[in-house]
Structure formats: C-alpha cells, structure tokens
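Note that the chains are named A, B, C and D in the order they appear, and that numbering of residues resets to 1 at the start of each chain.
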Amino acid sequence: MIRFESDYAEGAHKQILERLLETNEEQTPGYGMDEYCERARGYIRKACDAENADVHFLVGGTQANTTIISSILRPHQGAVSAITGHIAGHETGAIEATGHKVLTLPSDDGKINAKQVKELYDAHWNDATHEHMVQPGLVYISHPSENGTTYSKSELEELSKVCRECGLPLFMDGARLGYGLASKDNDLSLADIASLCDVFYIGGTKLGALFGEAVVILNDNIKKDFRYMIKQKGGLLAKGRLLGIQFETLFEDGLYYEISKHAVDLAMMIREAFVEKGFSLRYDSKTNQQFPILPNNVLNKLSRNYSFSYWEKVDDTHNVVRFCTSWATKKENVELLIEDIMKLES
Amino acid sequence: MIRFESDYAEGAHKQILERLLETNEEQTPGYGMDEYCERARGYIRKACDAENADVHFLVGGTQANTTIISSILRPHQGAVSAITGHIAGHETGAIEATGHKVLTLPSDDGKINAKQVKELYDAHWNDATHEHMVQPGLVYISHPSENGTTYSKSELEELSKVCRECGLPLFMDGARLGYGLASKDNDLSLADIASLCDVFYIGGTKLGALFGEAVVILNDNIKKDFRYMIKQKGGLLAKGRLLGIQFETLFEDGLYYEISKHAVDLAMMIREAFVEKGFSLRYDSKTNQQFPILPNNVLNKLSRNYSFSYWEKVDDTHNVVRFCTSWATKKENVELLIEDIMKLES
Amino acid sequence: MIRFESDYAEGAHKQILERLLETNEEQTPGYGMDEYCERARGYIRKACDAENADVHFLVGGTQANTTIISSILRPHQGAVSAITGHIAGHETGAIEATGHKVLTLPSDDGKINAKQVKELYDAHWNDATHEHMVQPGLVYISHPSENGTTYSKSELEELSKVCRECGLPLFMDGARLGYGLASKDNDLSLADIASLCDVFYIGGTKLGALFGEAVVILNDNIKKDFRYMIKQKGGLLAKGRLLGIQFETLFEDGLYYEISKHAVDLAMMIREAFVEKGFSLRYDSKTNQQFPILPNNVLNKLSRNYSFSYWEKVDDTHNVVRFCTSWATKKENVELLIEDIMKLES
Amino acid sequence: MIRFESDYAEGAHKQILERLLETNEEQTPGYGMDEYCERARGYIRKACDAENADVHFLVGGTQANTTIISSILRPHQGAVSAITGHIAGHETGAIEATGHKVLTLPSDDGKINAKQVKELYDAHWNDATHEHMVQPGLVYISHPSENGTTYSKSELEELSKVCRECGLPLFMDGARLGYGLASKDNDLSLADIASLCDVFYIGGTKLGALFGEAVVILNDNIKKDFRYMIKQKGGLLAKGRLLGIQFETLFEDGLYYEISKHAVDLAMMIREAFVEKGFSLRYDSKTNQQFPILPNNVLNKLSRNYSFSYWEKVDDTHNVVRFCTSWATKKENVELLIEDIMKLES
C-alpha cells in the first residue's frame, strides 16, 4: 500500500533527525529559552524580513489556532472564517471551547475575499441590535486553504487593507504554508505575508518536522504576554529546544523551500495525469493536495494499491477524493501511481 | 556548567532515538491509530494489570491535566488539590480556563490525606448554602508530589476509599511516576495504582522520552468520548506514532523502570552527601528531586559549577534549592558534585 | 406613537402588580426557597400534568438558554438549532461563551424537523473523523419560533422520537409559549409538551410578568444540581419570591392562557387586514407576531403613527417588518391600525 | 418570627412600587434604551460627580461581578480578592466559569490593603517562571465587606494609588454600598469612590429596590462594548426600564441615603445592646450587618422569635451569628429584639 492519504504519514526529514541525535545529550534550559530556539527565531525573522517580529514555537495546528485566536479576541467577539476553514469544522469546537463563535462566510474553494469581510462587518455595525450579536473580532484565513487553493498577492493585499480599515487583525493559518510558497502560481514571499498579516504561522508538522508550527507575530498588540497564553493552553513544550532545532534546520539553508517544491512538483505530476485522462478536478489546486472527481470503479481500482482520502460525494457514481504528496513522498511511488492512472479508462 | 536544575534538560534515551530513526520512513495513519500506539497500549495495560483500561498518549503534563479534569467535571464542580499541586499554581490557570475552580487543601509536603478530603466534602454538603459554592468534583494528587514525596500503599488505599465513598474520581498526575516507583520506600505497583485510581498518567517527558504522557483510564464513565476532548484541547498529535514508538520502547523490556532507578540512585547519593555535611532537607524526598536548605555562601560556591533551582526563602541567610537528577544524569557529574559538597564547611 | 415593535414594551399585568404590592412587606427566605415559589411550582406541575417535574424560575430568556444548555452538554458537544434560532444569532454568543458550538440546521420558517436532526446525527457518526468535529449533544427548538410559527403535535412527536432514539435531549425555548398555545391551529397542551420534551420553559417576560421564565425539567439526568448552575450563571434572584408571586398569579386561575388569547386574537385581526388588502406575509404565523411584506411607501405612511420592527429586505422597494401584539395591547390601538391599513392602496 | 437573617427579605420601598404602578402601562423601548434609564444615569453621574461615567443597570450582584471581571481580564489574568470576597467563595465559581482564577489574599476582617496588593504584584513579576502562573489583572474589593467593615478614605486612596502604579484596575463591589456611606465612621463620598476606582457598582437589591445594581464605569478602557458583555452574560433585561425607574426613584431626591441611614442606625442599636450585655463582636462593623459571638444557650433563646444567620464556629459552646437590618427593618422589631437581649444573662 502506497499512502497518499495525508501529508503527515512519515517521520521527519533526515537532516532534522540527525540534528536531534547530535544534540541529544546537551543540557539546555527548558520552555523555549535555549539557544536553538533563539537561532531559529533569528532565521525566521530574517526570512520574513521582520526584525521586530515575535516568534514562538508550538507543537500543533489546533493548538496554534486556539492560542492565537483566544489571545486576540475579547469575550463578545468571534473569528471570521470561511465555512470550510479548519477552525470552523475540524477542531472539535476548540475555538468555541475558549468562548468564541466562529462567524462563517460561504466559500466554495476555501478562500474568502475582501468584499465578503467588508459586507459582514458592515452588516454587523449597521444592525440596530448589534449588541445582541457576536462582534467580528479578527479574520482567519488558511493559505493554502483546506482545498489546496492559494491567495494571490493582490487578493491578500485587498483583504489586508479591508481588515486594517475595519480594525480586524488578519491571521493566516499556514499549516501548509511551504506548499503555497512552492506553487508555480505563487507571487507571495514570506516578507509579503509578514507585512500584510498581523499574525501567521509557518507549518512544520506537514513540512519535514516531526511536529511544530512557528508562530510569527507582527502586530505589537498581539505580542503582549503571549507566552502565558501558550502555557495556559498546554502548548509550552518542556524540551522546547526540540522545536528550535527543527526550525533551525528547516530555515538556515533553505531546506524548507526545497522540500516544499519537491512535494508540489510531484503533486502537479499527479494532477496532470488525471487531467490528461479526462478527469475533472474539484478545486483548482496548484499545491500538494489534489482533488480529482473520480467514478466509483476507478476508485475501487486505485484503492487496491494506494491510500487516499474520501472528500465528498458528487453523485451516485462519482466522488471527490484527495491525493496528498509531501516532503517525504518518493518519486518512484508517484510514477507508479501515474502509470496506473494512465491505464484507466476515463 | 553541570545542570541539576530540571529533569528535562536533555533529549531522549538513545534507544528511543534509534527507534525513531529506524521507523522514520514508514507510512502510518495519523492521530494515534497506528500499530505502534496499539502495541504501546498493550504493554501499558499489561504493566498495569488492567486489560480493560483505555490508554491515550498526550504530549505534555499541563495538556494532560486540563484534558482529563475538564472531561470529568460538570460546570459547577471543582478539582480538589493540595495547595502545592501543579494545577493550583504552575499552569497559568489552565484549569480555570476550562471553567473550573481548583479547591485547595493545605499541605506542607505536597501530599493530601483521606481525612482532609472527607472534611472538605462534608463541609461542602453540610453547608446550608452549598449551592452558592463550587462543588468538589474530583480529587487530584501528584505522585511523586512536586516536593518529591510519595504516597504509601496504605495512604493511597485510604484516599481511594474515601473518594469512592464520596463519589469523587481520584486522578493521579504521574509526570514523574517512574521516580516514585523507583523510590526505596515504594510499596506501590502500577497495578495497585490502576486499581486505586480512576485515571492517572505515566510521565514520559521527564523519564526518557522526547515528550509524552500516557493517560490510563480505569473508570468507564471517564472513557467515553475522550478522544474528542484530546482533539479539542489541541493534544491529538498528527504523527501520533511518535508517542507510540516512545512508550513501546519504554515499556516492552522494562527500560522505564531501569532508567528511573538510575536517577533515584544518583539523587540519593546527593541527599546523603548533604546530610552527611549536616545540612537539613526541606522535604523528606526519596525520589529524583532533593531540596537541601543551604546557607547563601554555600549556594554561591556551588553555583559556580552547577545549576539548580531556587525553591523558597527560609531566612535572610538560608534558602531552599532543588537538585534534580534524571534518566540522563551522568554518574561522574554527580560524583563531582559530591566531592564539592564534601569540601564545604557546614 | 402606538408601539407594535415588541411584546415587552409595557410593565406587568395589573393582577401581578397588585400581588407584589400586597406581599411587599412580608419577610421571606431568599433564592426561591419561599412559599410563593413553592405554590407556583405546584400550579405549573399541575398544568403540565407532571408531578415529578423540577420547576425553577429564572429572570430572562438568554439566561435560561445558557443555564440549561451548559448544564446538559459535555465540553465536546454542541446544541443543534435552526439557523434562525435565538441562541444561534441573537444572544451575543452566550452559548459559545460557555464553551459550546451551536450546530445550525437550515430553516426558512424557524422550525426544524425530525428528518433534519436524524441526518445531522447520522452524518456526524458516519464520518470517519467524527472526533475532529463537535458532537451533537442536544436539540434546541423555539415554540413559537422567532418567526411566529408553531409545531403541530405530530411534528413534535416525530422530533421527540428521533431525539430519544439518538440520545439527544430535546429542549424547547418557550419565551412566547403562551402565544403558541393560544394559536387557533394549536393541538398541543402543556402536558403534551412536558411528555415530549426533556426540558422547556414557560415565558413570563413576554406574557404578563415584569420578567421571569419558568424552567420545567422532566428528564431526571438534567435535574441534578441545577440550582448550582443557576447561581453560577448569575440567575439566582435574591428576592426569588418575586418570580414565585408572578407565576402563581399567572397559573392559579388561568390568567396565562387568557392574556395569551387576547394577544393572538388581536394579532390575527392585523394579519387579516394586511391579507385583505393584498399584502403577502413572510411567514405563516398564527401567533402574536405578524410579518407582512410591505412596499416602502406603505412603511413610510404607517411609521408616522405606529412603531414596528424592521425584519429583512426583500428587494429595493419591499421589506419585511414585524408587528407584535401582547397581553397589554389595547384593542382600540389595533382598530386604529387596521383602519389605517384599510386606507392603504395595496 | 422576626427576620434579621438577610437584607433581602422584603420587596421594595413603597415609592418604588408606586412608580412602577404609575408607569406600568406606558410603552417604552427595551433593553435599557428608555428615558427612565437615561434619567437614572444622569442622577447617578451627578451623585458621583462623574459626567463622563458610563452607567449600566444589571439585575444582580453575581451577574455584575461576572460581567465586569470577565470584560476586563485577558485569558491569562486573574482577579485579586480577599479570601473572604464574595467572588472567592459564594458565587459557585462564576468567575472561574468565565475562565479566570481568583487570586486570594488573606484577610481577617474582609478588607485588603495596598501593601498586600503590591507584594502579590511584585511576587508575581519577580518570579522567574511567572509565565507559568496566573497574572494579576485587576483588584476586587467589597465595600462594605462581607463582614460589614469599610474602607476609610485614606485606605482607599492608598489602594487606588498602588493599583494605578501596577496597572491593575480597581473594582469595588458595592452590593451594600449605601450602608457603607451611612456608617458613622464613613469619610468617603460617591465622588471619592468614582475618582479612586476604575469601576464600581451601587447596590439596589439590598437597598430598597426589588432588584438591581447600577454599574458605574470610570476607566475609558473598560467602557468599550460593555453592553455586548451584559447581553452575553444574560443580564440585559428586556424591560430595562424597570431598573431605570427604580434607580431614578432612589437617586432623584436622596432616598438611597435616607433608607441606608435608617438601616445602619437600627444596626448600631443592636450592636450596642450586645456590647452592653458584655458580648464580643467578631468584626468591628459599623454598617447594617452585626456579628456577635454568642453562647449556644443564648442562640437557642433568641432563635425562638428571631431569625439570623449562622456565620462560624468559635468553640464548642460559642458561635458567631449575623444580624442584618435593612431599609425595610421596622424599628419596633429592633426594639423587641433589644428588650430580649437585655434580658439575657451574659
């Protein structure tokens, strides 16, 4: 069985494991106050061209989302998100558990736009009974989205502009950020993102690390007391250096970009194979997740040798499924898959 | 600088790292549904002589405490704890952040007893206005305690008996459990603990793992839907197998007990050295943490070559400090420390 | 200005005020432990044919909804509600503030049905990743709904049956319950409601009382420790007798039904006037709220002498508005309004 | 049975009931947007000499405490309070239910002082691991305290000064504020309180109103969006005018002060009677609550005709009890009590 069901099926990039081995017996202070974390912070600030950014390392995505959002919002405020956003549907109500509603916007492709945010904001403040409703308090986007789609620079600029006009901090969930940066359509740099968002994170779990997300805070208001929030939400790793070592490895020589490109290149090969055989794609993803619409007999055939995720039903004879590549995907496995796709009758 | 300031200053036991390396390229399902986790659960159930126990792996202690406690309590209930308990003072209000008060009992040595629990329970229910107060909903103990002390089998039996009479689930925080089991005073087995507690966890972070706590649930009422709670609190690790691999390594051949004994033996050597030189100990700890009361000039001398933690002030010229050993402590470093202690004028 | 904008524009029914005056100097125990509350509980149990029901008096609707829902749900569960439900949109996230998501079902008329609940329940449990989603934990309905519509006996029976099959407590928000019972389409008695729901409340604020909602708990599991929950949520009125006196007055001789009928009769006169003039109604309400779709010029004319609530936009020249009657509405005012409606050109 | 067990045993002052009757049929907008509330706000601002204060009316004390405290604190912060404070022990964990710890200071008489606050603040910030602890976020005091004691002007000035130096908003729970102002030792005016506190409330429930607390916000940071918080916490009364009418009556002609003085004068008569007979007082209260230490045989005798509250045990033969007077206490009842006290053998 060759697995394309997720981008977290393997361990870590071998350079990361080597570093963990090399440093294993060293003694360091706990909770992220060690020199590895400090150096990793420096590399990330540099990559973001954001000398004054605060950088914190958390273990996972749900934890990062919850800690960031609950740190920003006041009790009567909610987080604006696409209905498809991870916080809206796949975190067991983690945001609500901290007291906040997720205010959802319709989205077919996983993205939201500036106009939608402005309309929601205006609708709230123009309602005579707005005090009876949850006040929009920040905007959450994922990039790439849960559907593999990405924001262009101009889209993100417009969104950022509206957010600043409305006083809504803009927060980007970058659990798969590297795969977005590696998309051939991409015109956004980390520095662009750092200048347009108030806070975002750079995913490690799905991009070469054993685990870990690097939270980058640009807005000074959000920086204050953030370590208290991490500790309270259970995210302050005792051996914090494990996160520092991993992000140092990913960012000191461009490994993060390199492995992201590897995954996206392979995903595009899969995409092209499906397209060539005449299958449609549910979303126009240029990143590491591909969502072909396949007839049931094709699904049956492919599932003999490959694992992939069920996504949604189209009709009685067709379903959308998801194929993921990652930093760890082997080219030969992708070639086997493509061979098998090519043998299909579309 | 030789560090005795904590038991999480190094990485992981080398057998664990080797296993992580060996398995690194394997593809497994996520979120703890892999075969490594399954095998580790089996080893732990066997070690606890508790075939029907549910076993879950979490990343850290604050996360484990929060997830367990908030899963058990109804909104108007609180967790009974020693005033010195980790949840009472060192988790940035993580329990309160889930809506629950920590109901503290006085304690000088970190332990609480059956009589105290019964009196608090009776005081609540005998108060005519009890509905205006937080209802005790469970009892939290740490073993070893934050002060290195441990419960004897008869003490835990009495506590368990009262808790069952009062309908209060008994929860043991075992962040340093191995060091308690390795104490020469210990008469408790994992099976005893499993039969006397409703839920407890076996600490990995401070005992040879990179990170990880194994939660063991005995009470059927607490088992229900626990994975939802883990996910909501941000504790469901994507690459869950990392936890399975570590606990499998610790429990398949007794490594956990072996490395715990190593640490406690070294701690007892330190203890004896201080005692021999006539220094008092703040707590009667037979585990890996030692708390000598030292004059300031001694602290100054020792701090040139050794790191340790400040604990509390005794008077203007004396302070309590903490020396920790761990699975990773090198015997030669302890010998150097003892040599230097022996040179002190008491 | 004659006000039809809400059903809480006046004080209380004069019999209630008289009773408050008569009893004003009496001394009673606080917090609902007085004889007035006790008698009122008896009358309500009798009206519900539910001898074993627990009856509690709360001050307002948002408070009642929050207290009931947070008392029932475990942390990972949510409340299923119509998207139009009061808890979903008009309580400033009060449910989320207690940690729970509102799981919304589409609804055009304010009602939900058994099939929708079953489908949502099945969709949750059939999803392989259901632990990553909020688990449905109870079903909330409002009767009459926010749109004035009501459930028939057979509809409520079907809903109740599905809820019991799925293990989901059924909770009816009866802020305007009297107006539902007084609808000419109504075939539900209080006893029917008590036998089909697990918990519901009988609204007083909008039906003759200064304030107050009588919560009736039928399901034994929900009864436990409910007074703690009331106190914690700030709902345990010191002078609890004020609530007892009001509900005693409303229920000892049928005043509640009488004043409800008064309001609904007047609302139906307004409805008929609009219909006669050819205006459409947004919802088919047979209760005290009426929702005509009116052209802007009509709205302008009527707003000179009458207040009513804006509801929603239909198109550039038409809007839906709400006219409310209540126990306090004067027939002569309704007659004036109808006269003016009749003069309109439709 | 003559009741001295609480100060909320009766209804409301007759002038208040008369006003409610007079205005009963008027139609007003809901939720505190009516002219009665507006006028009451004006009277209170004037009484506080605080033109820019925001004034909000809530139904009860627990609600006021919860709404104010949760509005001010960020998630990692707690409320500093005397261990005896109402929020620390008598609100069923309402503060914790909003996510915040109550950080208690020892107190024998119900008061805390500037030095204690400064020490707690310094202890937090001087601790190297302060991020692992709840950060002090505001200071809560009750005046009069739960024990009937009051702050002098100089004490409050010192407290206020330290709070401002530390950036901790000072919040005064004034559930019995009138009785403090009426104490013969009092040297604080409402204007003083308004200039020294960031937010406080003027209790109505225990001082002549059916129910109601007037929250006065002085600090601009606390003003923002406060009505959202009231709604979310279930405190936005539909018929808000009921609160406006009551506070207008209490404050337009000094009724509040007059009835407070009545209660305190009677309480001092009771105090003097006990003292004259040689009984000790547990607290030095000059307000409407008196706490004599009485032998059990005396308690038995008095309890035949009078109700009072059990407070705490002194020894096997003595207990502290509480006698309350209120705006509604009849002088003849106090005289009967005093007669009976005088007949006691001390």
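In the analysis below, a residue touches a chain if its C-beta (ideal position, glycine included) is under 8 Å from a C-beta of that chain, and two chains touch if they have at least 3 such contacts.
Predicted, not measured: the structure shown is a model, and the values here were computed from it.
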Per Cα centroids, the chain farthest from chain D: A
Contact-richer chain pair [A-B vs A-D]: A-B
Distance between the centres, which are taken as Cα means, of chain D and chain A, whole angstrom: 50
Cα-centroid distance, chain A relative to chain C, in whole angstrom: 42
Length of the line joining the C-alpha centres of chain A and chain B, rounded to whole Å: 34
Per-residue multi-chain contacts in chain A, two or more chains: 75-76, 91-93, 97-99, 131-132, 228, 231-232, 236
Residues of chain B that touch chain A when the two form their complex: 2-3, 5-6, 8-12, 14, 17, 20-21, 23-30, 59-63, 66-67, 91-94, 97-98, 205-206, 210-211, 228, 231-239, 242, 328
Contact set on chain B toward chain D in their complex: 75-76, 78, 89-93, 96-102, 128-129, 131-134, 310
In the complex with chain D, residue positions of chain A that touch it: 70-71, 74-76, 98-99, 131-132, 135, 225, 227-229, 231-232, 236
